[in-house]
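Report on the structure given below.
Order as written gives the chain letters A, B, C and D; numbering starts at 1 within each chain.
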Amino acid sequence: MAFLELQNVSVSFSGFLAVDQVSLTVDKGETRVIIGPNGAGKTTIIDMITGKTAPTSGKVLLGGADISGRNPHEIAGKYKVGRKFQGPNLFDYLTVYENIEVALAGHSSILKTFLYRKNRAISDEIKTILDQINLYGKRDVVSTSLSHGERQWLEMGMVIAQKPQLITLDEPTAGMTADETYKTGEMIKTMMKDKTVIVVEHDIDFVEQIAETVSVLHQGKVLAEGSFAEVKRNPKVVQVYLKDDDEAVA
Amino acid sequence: MELLISQSINGLSVSAMLFITALGLVIIFGLMDVVNMAHGEFIMIGAYVTYFVTTVFHAPFVVSMLMAFLATALLGALIELTLIRRLYGKVAETLLATFALSIILQQLVRMAFGPEDKFVGMPLEGRFNVGGIVIPHYNLFLIFVAVAILAVTLALFYKTPYGMQLRAVTKNRSMAQCLGVNTARIDTLTFACGSGLAGLAGALIAPVKSVMPSMGSYYIVDGFLTVVLGGFASIAGTAASSVVISESVTVMAGYMSEITAKVLVFLVIIVLIRFKPEGLFTTEKR
Amino acid sequence: MLKEVKTVGWDKTIDILLLLFLVSFPLMTSLFRVEMMSKCIIYIVFALSLDILWGKAGLMNLGQAMFFGLGGYVLALSYATRDGVPAFMSGFGVTEVPWFMQILHNTPVAVLLGMLIPGLVAGLLGYFIFTSKVKGVFFNIITLSLASLIELFFTNQQKYTGGANGISGLPPLTIGEEPLSVLEHYYVMLAVGLLVYLFCRWLTNSRFGMILRSVRENESRLQFLGFNPAAFKLSIFVISGMIAGLAGMMYIPIGSFVSPTNIGVGFSTAVLVWLAVGGRGNLTGAMIGAFLVTWLESLLSEHFENVWLLILGAAMLAVVMFFPKGLVGTLLDWQYCRRVDRQLGDVSCDDGLGLMDGELATAKGKV
Amino acid sequence: MRNTKWFTGLLVLVMAVSLLAGCGKAEKAPDAASAPAAAEGIKIGVLYSTTGPFSISEKPMLNAAKLAIDEINAAGGVKGKKLIPVFEDYASDPAKATEKIKKLILQDKVVATVGTNSSASRLAVIPDVERNKSVLVYNTYYEGEKPSPNVIYTNSVPSQQSADFIPWIVKNLGKKVFFVGSDYVFGVTSVKKAKAMLEKAGGQIVGEEFVPLGHTEFSSLINKIKQAKPDVIFSAVAGDSVVPFYKQYQQYGLSAKDMPICSIATHEATVKGIGAAAAAGHYSSFSYFQVVDTPESKKFVAAYNSKFADNTTVTNLAEGAYHGVYLLAKALEKAEKYDGPTLISAFKGLEVDSPQGKIKVDPTNNHTWLQSRIGKIKPDGMFEIVYSSNALVKPEL
């Protein structure tokens, strides 16, 4: 059953059509990878799902509710959509521990921030997440002192702490070493096993590692959709990648 | 009716003066994100330069305009190189540093030249008399200079290589750097340019206003109001908002307290900003 | 609190030392200095009100004094109009105390309004600014302009405010009929100051405080975690305004005077300077800054005619240039770095780390 | 890392020193306070701003007070004791003035304070002067309202400035008068009193306008003046507004010949700023002008100019501070004890020969009987005295 549904959405920025009549359906529990050359509109689609950008036309439905054009905080809080940004987007001068603690679900209204008391359950939860992202040892370090890869993981941890029903990951492995990339793939597989996940990615090996279904975007339109193996064989996709973006395949 | 007409004509020269005093502030603030609390003191120094050039050395007023511009531009460059340079990107720190600077400059001038008013003569004496409405020549001169400054700065920013580099730096500093723009030099030039304009403003208001160490404080607030209405980095917006503010305040002041008029204008600005956050007259986005 | 969280930092030590110093201060000095110190405590409260706003939430209000002044004027008018129309009003043809001042004659109501009115102004201003897309520096400029306009407005509305002369000769606090002595005043101020301090500590240590810091660091990220940053900014703006209003009211019995200089740009900038000198983001810095600068100002102006202002300006410049995190902030950063260095050798902790004003060491010195 | 350590060391040092300085100063204080007040001299407070915008008027006043103190001490002091001035600068901030007056009274134990200039700072310090039963000698012309029993006012009140001025205007310049003033107590009260006098003198009020304090844009006001077509402008415009007012008055084509401004706040220093050309022909009324032709005045101006090379001008205000100190010295000479009430009563009826001539303190109301003069500004920027009362004018509140 379709959990997330994009119905003919378009986005234009002062005349430039970034996303053009895209329809996309993602089932509950599915891990969907969106690939495509630079400027294909991948990040814009994530922006729409998370409320950063409102679609110029078309609808975004989540679990049957129309969320197009709603505020980011509403989508994140009420509709439980988590987002990991392209390039780590953290609270810089907060510690690793605090970054996770801020993200914890269910304590986000002003009143609740006053009533919030840290109990054993909460601290266990944070410890579990920190263990999963291999940062428990550095829990009291400012996020700026982490390495790039660690920062990416920390943000994944924050997304998990949010307890979302839909997770969007925008190039989670950007700038990582091959080893780190692999670890990240395993993290996604274990931590987000039962969640609906949308991943935007360039790294083909990584895509192969995690993908169940792949959508290929090109110039704001869906070019192809299917399993990784199917997409890889699709001649249109191969052509686009050869023509437009050498580095992406590498 | 006659009052209304002559108030609106007065409003034009007041607008010109506001534009001239605010422009340097807008340039430094809008392009470099530096809230220059010492802007008023640059105006003051420009006025003092004018005093020395015209009253002490009896040189023509036009010379003093040039000298005021150059002297404050030089001072501005010096300050940029020694202080502001180290503080880019830190709004609070630049604000406090320039505030400290304003204290120091004001007190230095006070100690060097005394606390009392200095005299700067009126360079243009005559006035037109049209049906009972008097328009001093100097007011027309002010309006003319304001328009000229507007034209020159627009040309400087949009038609010269410097302007192009400057806009590149404001849009994307690191990219501009990569493309070989000497951003440090652009910063210095821009700060000097903004300071120089403040000095020029000082020269232009000296004949009709007080010339004394604390005079600068009267101009900075109206300057910021203009920025709020006109929007960041928008030179044309500054011109437009100077006219709107001065005209509405001057015309309303014919009928109520000028301060009440100012407060009303400001409240309207705040409400408008709710709906047009980039300022009223900005068309292009930074 | 959980075991792993060890809150140790010199800031707490400094706070306690400061408190001990303030408690014992009257024992070692003259009544005049005690009175000066009462004023200093009020300034400390005022500095705290800005620190929870600027230091914690990153909202640099350039017009904080407007809240201080509003609180001050409310209480001042409450006292001044109690025995009929005061001279500054009758001089302008006012024959009857207007209804909105008669309400103030009930002291608890006045005190309440002295906090509610600044809070309301903050709320309205905040609503217009925070729910629009106005960003960063614009907030500063708007608050600066507003403070200067309010100063002009209060100077202009002399019928009701006493104009440039302000309202002077306001009475000290009383118990029954007896006015409090200088010493009693001092300890009352100290007690109120301590309460405000404890409130601010509680506020900033709460989850609310943590979210404020997140607003400061990365407002847009916070939205995607389900928080509405505008609501948080609005609440802290109102809270900060109310505390500043409280400080303004505390000032009335000590200063026995309120004038437009208490409400305008000059005083607003003064409090920014205190925070910059002491270091913002940890309450200790604000308090030390307010304390140091006001004392330095008084002592310098007593000893150096004319040039004292130059010395003060140069000192401010030096702090901004060389200790951008303020004195306490630099100290706490250093302490934090040393600890991290010792415990996790692989974490580089040099100047490039760029901690926010010792924030970390303050909030959680738990390495 | 090394850098940080260095900084921190320095920082700790700075903090420790400042704290110690604060405490040290504080601890020293009781000794100074408990020392017998002025064993070898008499301490008086001198409270003027040398920093901030008020210094424009207060620096000359400070100079004049210094001059008077030095002269008195050179002549042997008071009862053989020297006057020891304690100078304090309140940085043009009335709130700071309240702190400084407390310091002077409580810490330095001065017997009296000479100082403050604007009404705002005077009114700010009065409660503390009264509460501590001290004495303030206030040397500026002011609105004459809410006088304090602990203050001696040595300069004029509106009745003194306008009592002779208004009838003279009606007689010599014209009946139709337009009133302008700065919108604060001094301006408003002065205009109110002058208007009453005008009606008594048979003149006609054709308009009345107030401009905010510190206002510098006068085009609107000048428009309104023109529409009212008066013979004379009576101006209580004060402070930073004076210079722009005259400059723009001329700029908009109004001349002293057709419509002179008669001011009670425009003195020699502001004339310098206006420029003689724009100022010439307008009138001011004061008890003292620099050109007053008495031996005391000549000596005072010469001594002032030789002693202070700081670009300041002798005005009515400076003379007020000068004779204020002389009055204080005389009162100290006369009083047996230096507590507030005794000292205040010692002032009553005192007479001194001041630069403006003989003046005396009223025995009942703490104000001073002064000369009344009207000066016309000459093309060289100095005043020409066109009227002199030749008798002391009573201070009426």
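Everything that follows uses one rule, which is that a contact is a pair of C-beta atoms (placed from the backbone, for glycine too) under 8 Å apart; a residue touches a chain by one contact, two chains touch by 3 or more.
As the structure is a prediction and not an experimental result, all values here were calculated from the model.
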- Message: According to the touch definition, list the chains common to the neighbour sets of chain C and chain D.
- Response: B
- Could you give the separation in Å between the centres of chain A and chain D, each centre being the mean of its C-alpha atoms? 72
- How far is the middle of chain A from the middle of chain C, if each middle is the mean of its Cα atoms, in Å? 42
- Starting from the mean Cα coordinates of chain B and chain D, work out the distance between those two points in Å. 34
- The distance between the C-alpha centres of chain A and chain B, rounded to whole Å, is 48
- Shared-interface residues of chain C (touching two or more other chains) are 152, 155-156, 306, 309, 349
- Message: Using the touch definition from the top, which residues of chain D touch two or more other chains?
- Response: 51, 183, 212
- Query: Where do chains touch, given as pairs?
  - Reply: A-C, B-C, B-D, C-D
- Query: Contact residues on chain C for chain B in the complex?
  - Reply: 54, 60, 62, 125, 128-129, 131-138, 140-142, 144-146, 148-149, 152-153, 155-156, 265, 269, 272-273, 276, 306-307, 309-310, 312-314, 316-317, 320-321, 324
- Query: Okay, in this complex, where on chain C does chain A touch?
  - Reply: 1-2, 4, 206-208, 210-211, 213-214, 217-218, 220-229, 231-232, 235, 340, 344, 347-349, 353-356, 359-360, 363-364, 366-367
- Message: Show me the residue ranges of chain D that touch chain B in the complex, using the header's touch definition.
- Response: 51-53, 55-56, 59-60, 183, 211-212, 214-217, 219-220, 223-224, 226-227, 240, 243-244, 247-248, 250-253, 269-270, 272-275, 277-278, 310-313
- Message: With touch defined as at the start, can you tell me which chain A residues reach chain C in the complex?
- Response: 50-52, 71-73, 76-78, 82-83, 85, 89-95, 97-98, 101-103, 105, 107-108, 110, 112-114, 116, 118, 120, 123, 137-138, 140-142, 144-145, 158, 162
- Query: What does chain B use to touch chain D in their complex?
  - Reply: 2-3, 6-7, 10, 13-14, 107, 110, 113-122, 127, 129, 132, 134, 136, 138-139, 207-215, 217-218, 250, 253-254, 257-259
